[in-house]
Amino acid sequence: MEYFLSEEQKMICELARRIAEEKIKPVREHYDETEEFPWPIVEELAKVDLCGVYIPEEYGGTGGGVFELCLAVEELCKIDGGIALVLAATALSAFPIMLFGNDEQKKKYLPDIAAGKKLAAFALTEPSAGSDASAIQTTAKKEGDSYILNGTKCFITNGGEAQIYIVITMTDKAKGSRGASAFIVEKDTRGFSFGKKEKKMGIRGSATRELIFNECKVPKENLLGREGQGFIIALRTFDVSRPGVAAQALGIASGALDDAINYSRERVQFGQSISSFQAIQHLLADMATEVEAARALIYATARMIDKDPKVRVTKEAAMCKLLASDVAMKVTTDAVQIYGGYGYMREYPVEKRMRDAKITQIYEGTNQIMRNEIALALIKEAARKKK
Amino acid sequence: MNFIVCIKQVPGTTEIKIDPKTNTLIREGVESIVNPFDTYAIEESLRLKERIGGKVTVISMGPPQAESVLREALSMGCDEAILLTDRAFAGSDTLATSYTLACGIRKIGEFGLVICGKQAIDGDTAQVGPGIAEKLGIPAITYVKKIEEINETRIRVERMMEEGYEVIETGLPALITVVKEINEPRLPSLKGMVRAKKAEIHMWNASDIACEKSKIGQAGSPTIVNKIFTPLPRKGGEIILGDPEEQAQKLVEKLRQAKVV
Amino acid sequence: MGIKIVEDKCTGCSLCVKACPFGLIKIVSREEVGKPHPKYKKIAVIGEGCNLCGACLEPCSLEAILIEREEEKPRVDISQYKGVWVFAEQKKGEIQGVAYELLGEGRKLADQLGEKLSCVLLGEGMDGAAKELIACGVDRVYQIEGAILKNFQDDPYTDVLTDLIQKEKPEIVLMGATVIGRSFASRVAARLGTGLTADCTELAIDPNTRQLLQTRPAFGGNIMATITTPYNRPQMATVRHKVFKKAVKQGNRRGEVIKENVEGKKLSLRAKLLDMVQDLTQTVNLADADIIVSGGRGLGGPENFHIIEELARTLGGAVGASRAAVDAGWMPYSHQVGQTGRTVCPKIYIACGISGAIQHLVGMQSSDIIVAINKDPNAPIFKVATYGIEGDLFQVVPALTKRLKEVLG
């Protein structure tokens, strides 16, 4: 399939592919087993300038956008869906700085992220606030020249390893959804500590931790945007970051599909390779079609965002995340099926992909929430047309 | 310091097979690549530049399509690239190649160190490195596996031998050929690739490099290829069957019969 | 001059296309390139970058490809050059095995030419060694003595040998393709402006032209090329260890030793040899071993190499490894056998868990007996193995070790 990539985009794919094949593939089982944080991979990504692939040149990046990020994430996830989060989850946190940060904040934080010197994390979710984001209870109280943060965030990707955290807090409960604010909090700030590292089903090459704020004093310069913009920042961020999650799911699915095709050609049963059985062929055909469809939707959405950053893409972003993650779950399950008994064994690479795929249906907005958003957007559009 | 790296474009012969019917070489979808040993040379030059500062110029002798390997070198971080290309260079053996590259290097100007890969995987001669050094009148140290010290005037290296290594020191300018043990070549960076794509590769032909016509190409090649043939393939022998103990027993019997054990 | 397609002979059969290692030959319509033919519609076209390797000549049964050379005159007076020389490489005063092998071959060549066989020996305190060489059938030894020549150093050795060659004018100079030999020969050949062929596997004298026919592998051993140096002298060649058989020592040979001392002579010495460090991981030198047991990817990990080492120890052999095992870090590079490692020629080569990719075969396929142990019956190694054992190496290798221990006592 021709994707009409530019020369530079092709280079990004090639570099990400080489890192994935040469640096990640030999160690992916190790990180899945030990759940260690893959700092060596961060270094490799930094060396080839991929950490800044979505960051403007003036801040040390290579000047690409969401599309370039998606291309890199997709290639990396074809080999491992968890290790690539060092890039994808950092981007999730860098986007709000790029979209809402002032010059000082951009100059202070983006160059280190682009150079791979620092990782970032986005902290919204709390034990009692998942899909119901407005139920967050972490507070930030203004006191003189700082804000005092109190509360707990949970399930934060890159938590504990990242240096830079975007934390969504309630600054004015009375104002409801207009009462939240976003802060940039640096690791090692007094009052900011981490809880346990979670033991996960999949994406075990990434770190997921609790963040604990106890009278954590943050300078007022670290307020992102204005007070009250917290949820708007979160939603706008998700609009541009969801294609990235979708790209992660796409990469996982794509890698599983390739493995399944190759395996089906090698595996011989009843005197022939199983790829000659219609049952397998139909599975593969469906898998491949779904993967291409997901890819087309992601690429189209990413291109839309990059062409005009002002356009609202809530519906499209939700669609590509929804589709790609559901496709990933189905394709990886089918891939395990094609591998048969071997697919269930940890020695073979497919069961890991299935474990990795599941989270894409849950985080950055569950697929149920995605459906809500899409429906609401459709109805709004229709209502507007009626007028 | 000015570093000069000599590289070569070679066929990626990882999948070369012999066609049993015609008994000739089958080249299945083979692309051209940078000679693997040369990537170690490029990497070492970049490390030296990072260590003591300077500039890395990469040079190659080949047909116009060889510019792709020069661009790869640029994307890894080399500063300038030169391609010596001319129909008159075709048919060069190692002597003519050494001479031509030496003329090209002289034209580049002053340099401290020339770095080459141990050998090219198509010719496998390992002759061009020392040949260039001889033509330039500089010392050569081959099979370098580590550069211990380097400054403006001297270099000290570890040279791999069959049963260990030697420590050799020499004055600069000099030439070294490097082996795989010396480093781990870096991947090109995105910024490097973009820069390399736009970069200008200097193309020099025979008249650009002040060389004597009688010393280049076929005329300058004392060796000529008389004949090319495919060797008779070695045939397989017998398969020993049985369970492991039986197989071991039968094999030992055969080895004793052959009087090798 | 160069390469050309003989237009009236080429039928466009395309056999040459696949043979070109650089993929430069294309078959095009004759009409398109303006070379019509009454019978054939297509013709071969050779693209830019052809380096005249000649690989396309063999498949063309119609002789429709020609490589032409300009009429050349000899660069030197060839008739002045006589004799076969062998460089006797010495380390720590001991003559290296490869030199003895070259003497054996050198004697044959000298006899065919009706010339003398001489040896060039550089070192310090080499009187005994010189006598050894005479006993091996050498007619004359040039023994050059000097403290500066005690260990091989590029500059003084190159100065001495090139001076000697220019003075004595040998027809042929042979050297071992060792680390020293390969750099040394390149330097000397470049200084003399003469031809050098590396890693020859066969040497012969052309009965018509008296030229040295130097045959060597190319493209990883898939192709053999026979090379000559028609217009320059001396004809130089390097030969790998264990390709030829050693010369036999005969007690009653006579020959002359021409001894010379370089003290007081001005020899260049730009490099300083500071230290020589032995590699202690190898107990049996891979290059010299008569028996080699090699392990490959099938071993699965470094911890399993001990079964290979056990078998090697029982047989009194050396341990080798395939590139896969070395790249994975299971064995050091000094044990690597193959295109980018060592070429070995032992009496027995036992390949365990090695698939037999062409790059490995190139390094060991001239072994007398090859034993392959692999659980994959389709592994290419079985095609060249004298004895093949299809089985689990983790069972077969220990069983072999056990049986050998019983039999050898």
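Each chain carries a letter (A, B and C) given by its place in the written order, and its residues are counted from 1.
Keep in mind that, in the parts below, contacts are C-beta pairs under 8 Å (C-beta built on N, C-alpha and C of every residue); 3 or more make two chains touch, one makes a residue touch a chain.
What you see is a predicted model; the values in this text were computed from it and never measured.
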Contact pairs, highest-scoring chain pair: B-C
From subunit A, the most remote chain by mean C-alpha position: C
Centre-most chain, if every chain is reduced to its averaged C-alpha atoms: B
Separation of mean Cα positions, subunit C and subunit B [Å, integer]: 17
Subunit A and subunit C, separation of their C-alpha mean positions in angstrom: 55
Averaged-CA centre spacing for the pair subunit B and subunit A, given as whole angstrom: 43
Sites on subunit A touched by subunit B in the complex: 7-8, 11-12, 15, 18-19, 22, 44, 47-50, 53, 62
Touch list for subunit C against partner subunit B, complex: 1-2, 15, 18-23, 48-55, 57-59, 67, 69-70, 72, 75, 154-155, 158, 178-179, 182-183, 185-187, 189-191, 193-199, 213-214, 217-232, 270-279, 282, 285, 287, 290-291, 315, 333, 339-340, 347-348, 358-359, 365, 368-371, 382-392, 395-396, 399-400, 402-404, 407-408
Residue ranges of subunit B in contact with subunit C within the complex: 11, 13-14, 16-19, 22, 24-27, 30, 32, 36, 62-66, 87, 90-95, 98, 121-131, 133-135, 139-143, 156, 158-171, 174, 180-181, 218-219, 221-231, 233-240, 244-245, 247-249, 251-252, 254-256, 258, 260-261
Sites on subunit B touched by subunit A in the complex: 186-194, 197
